[in-house]
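You will see chain A twice below: alongside chain B first, and alongside chain C after that.
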Partner chain A sequence: MTEFASFESIAMDFEGAGHERALAILLLSMADDEFVIGFSDSEWTGIGPILEEDVAISSLAQDELGHAQALYGLLAETIADGRDADGWAYDRPPEGYLHARLLDHPRGDWAATIARRYLYDTADSARLEAIAASSHAPLRELVAKIRREERYHLMHVQTWIERLADAGGESRARLLAALKAMGPDAGTVLAPLPGETALVRHGVSREPFAVMEARWRDEVGATFGRLGLPELPPTASPDRPRTDHSDAFRSLHAEFTMVRRSEVGATW
Partner chain B sequence: MTDPLALDPVLPPRERSAMPFNDDALGHDERFGHFEDHVVGGGKVEATDWMPDEYRTAVLRFVEMHANSELMGVLPEREWIMRAPTLRRKLALTAKVQDEVGHAQLLYRVAEDLGKPRDAMIADLLDGKTKFHNVFHYPTKSWADIGIIAWLVDAAAIVAQQALRDSSYAPYARTMKKICWEESVHIMHGRDVVVTMATGSAAQRASIQEALDRWWGPLMQMHGPRSDRAKDRDIHWRIKAKTSEELRQEFLGIYVPRILELGLTIPDADLARDPETGVWAYGEPDWNELRTVVTNHGPKSQERLDFRRQNWEATQWVRDAILGPPQAAAVA
Partner chain C sequence: MVMTAPLPTAAAVRLLLRDVVDPEIPTVSIVDLGLVHDVRVGADGIAVELLPTFVACPALEVIRSAVIDALTALGSPVEVSFTFAVPWTTDRLTNAGHAGLRNAGIAPPADPVDVRCPFCDSATVAMDSMFGPALCRSLFYCRACRQPFEAFKPI
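Right after this comes the complex of A and B.
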């Protein structure tokens, strides 16, 4: 397994110019986000609440994993240290992953899955919008493709959160509990990344993360207001490092690397 | 026998074709005769057609067990979605399991039209009143199992399913066309996993052989004991076309050479093809094991049913929330 002790070492390992290093961190964090949420969603494959939704969430999971695969591929080209997309996806210790803390929550019940998907999809959408006209052409092209699919994910999750909120009773109570547990971590998807000033200066992103976050909070606030859901709290412990992951993620990591670790270097 | 009127088709008679058995003016026996002639002569039956109780019950039982098998069949493989060793394998396995859930959905819809609601079929499955295929009662112990299942279990299934594309019950036959196409993609995925491991490291190769050793018995039992073609009601009604032994011979004919080609050993010393007749001889499958397993006494039967029951109960509130009418939001 590649030694990759900390977030800082990821940044330091890469010897490119300032904004290229920042680009690599952006790609890795986005890829890890998609990889981990794709994992959580695929845990529903085969046990979804109704057969039609089971098929739908498996499609979402496959889309997210496809996005992760493309982003890791782009990262592998950018860094060109011999690691391929799978190497990036699998061969790191848990603390080498840069996904948002929101995605560190275990799968939970269906309400937790919908709450997580809603909070992530809306935040990710704000991020994709900010880099849709990126000066980095391969990223711009990939984002255009990703946004076409994410549009449907948003419609799907929007419908679900409305139904769960409007159904009242146990459904609404479960949704409220999930939002209470995840709300303080929701903003971590748009937490600033090192080098973001360079990203904006070079036109990789049109705006810093704080601007994306404000836009996203306005949008979520409007939906939550309409559904009578409590306002999202500010991010808890904003200084906690991105590489500090939960036990739930450590267990997930142990599981998803299990076969691959059983014979390092083998072709699967 | 139940009153045939009690099981009349769900769709209204006005959508029926002009077949003589659809003539409401005829008596039951006469309609039965016309229906039997039609089906035995290779005719198709639509959900809107009048059909005798014997036929409806036989098709329903057949399709329901198929649907149950697709639904239970996702469990042995889904455990490994989380452990797939590359992004490509994880995507392929997720898509495969998703296909099977989709097949269950399609098949339950076919069965629903025959008069049994989906909830009732799921309830009967969870209560152990209806069955699912033997191969889904066994554990998946390694990643190699994922290759063997997708390649050989799906291959054995497709041999049977291809013969169902011409089933007399037309909605089932149409559904089988789509399912067979998807199953053929699963076989390619499975074969790729097996070939990769069989041509990989010594440990990978040993793992594939070990998986084949464990799955061979259930594979040979999968199509069921030899039966008398003349006494098989499902064949009489042309719901299916081939006997268990015909399917098993077809499976062996195609797959034994392919397995041996990879340098793997098949754990049956008696397995041999008669060069003159082309018929495969094989060690007698353990039919007692098959009976034990399909009556939910297999190594994983109860654990899998429990897992399904727990998940079904844990998501009941979701079905209540979305299938019920929207309520006013409870404002605190």
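Right after this comes the complex of A and C.
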């Protein structure tokens, strides 16, 4: 458990957090978000509702895993404790992950997957906008690249949420059920991070998360209003720790670490 | 007395890079794809910096070893790295790159309304799906020659 102790010292002990520690937490939470949604959505590969959609969701999942790999890579450079991107991705217990609680929901049916993607991609987009001019050059450069790819994700998921909402009947009922289940956790993607004042002071982010969240809620509110969908509720239990994860995530974690655990230290 | 070979020039390196092709699109070199960001030659070897088309592109490691293979003949150690210093965009494709894509049956990047069939050049085409068999491509269908085809995504 020595690695976890070292992780804890980064993510859990925020006393007097300097901006490098805050940067590490930002990178880790973003990387975990992208990794978890990417891995989770990849479960649709081969069983997507139609062939084109199977290809599309697989592409989106692949993009997110690539973004996670690059972000873990930046984190590895920042922390420099000998762990590489794979070490960060796979060698932590479930409670060592900092992804948003929204992504602790299982992928569910297609409507749930679309609802989760819509809520996540729009929130992630607000976050990427806030760090697009980051003072941390490697992050700024990576984000410039990622935003060009995420534009396609947003177009795609926007089309889908409109389609499900406008279709009525079972499609709309399933979307409403998914939004009801996930709505209270939607805001967790933009929940404040420890040390974020240091991030803003050093120009890593242009604004605190509360400002990103307000901007995101306005945007989602406008879309939901147009589609006649209920307004998003405020975040439930905002003080619940980021590391308190669901059983669904524990199962997912057991699966994505399976190969890594089966032969410790093995390389391809 | 140790004889050292003269250092290769950056131009010689770039010339050899024209022979390295994209593993998925063998009609287009990495130079015409616009992947080559920088070439530096020094006493300790050749450093080539490449720009990934997509962050998650699975072909990067194949391209890295192809570059090393292509430059081995120059007799200097080769180091290949990937950078996001500037984002790769489809504007970096050269005219030869566009022609190479068409030869592979892939429409060059364009606004979806301006995409033309790479087989019959018809403009009567429709996008079937924004996402195709690779991250960098969309799926289209040509109503004139009734061929499905792929188009490079503008990014």
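Here, the second predicted complex is superposed on the first by the 254 of 268 C-alpha atoms of A that agree within 3 Å, B and C clash if a C-alpha of one lies under 4 Å from a C-alpha of the other, contacts with A are read in each partner's own complex, and residues count from 1 in each chain.
By definition in this document, a residue touches a chain if its C-beta (ideal position, glycine included) is under 8 Å from a C-beta of that chain, and two chains touch if they have at least 3 such contacts.
Everything numeric here is computed off the predicted structure, so don't read it as measured data.
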item	value
Partner chain(s) touched by A:V55 [first = chain B, second = chain C, both, neither]	both
Contacts of A:Y90 with chain B and chain C, given as first, second, both or neither	first
First (chain B), second (chain C), both or neither touched by A:L142	second
Touching partner for A:L164 - first (chain B), second (chain C), both, neither	first
Touched partner set for A:R116, first chain B, second chain C, both or neither	neither
Chain B versus chain C as contact partner of A:Y152, first or second or both or neither	second
Touched partner set for A:Q69, first chain B, second chain C, both or neither	both
Which partner reaches more residues of chain A (counting touched residues only), chain B or chain C	B
Touching both chain C and chain B, counted on chain A across the two superposed complexes	52, 55, 58-59, 62, 65-66, 69
Chain B - residues contacting chain A, complex	71, 74-75, 77-78, 80-91, 94-95, 97-98, 100-102, 104-105, 108, 143, 196-197, 200-201, 203-204, 307-308, 311, 314-315, 317-322, 324, 326-331
Chain C residues within the chain A interface of the complex	52, 54-58, 83-89, 128-133, 135, 139, 153, 155
For the chain A and chain B complex, residues of the former touching the latter	39, 42-43, 45-52, 54-55, 58-59, 61-62, 65-66, 68-69, 72, 85-86, 89-90, 109-110, 163-172, 174, 227-228, 252, 255-256, 258-260, 262-263, 266-268
Residues of chain A that touch chain C when the two form their complex	52, 55-56, 58-60, 62-67, 69-70, 138, 141-142, 144-146, 148-149, 152, 155-156
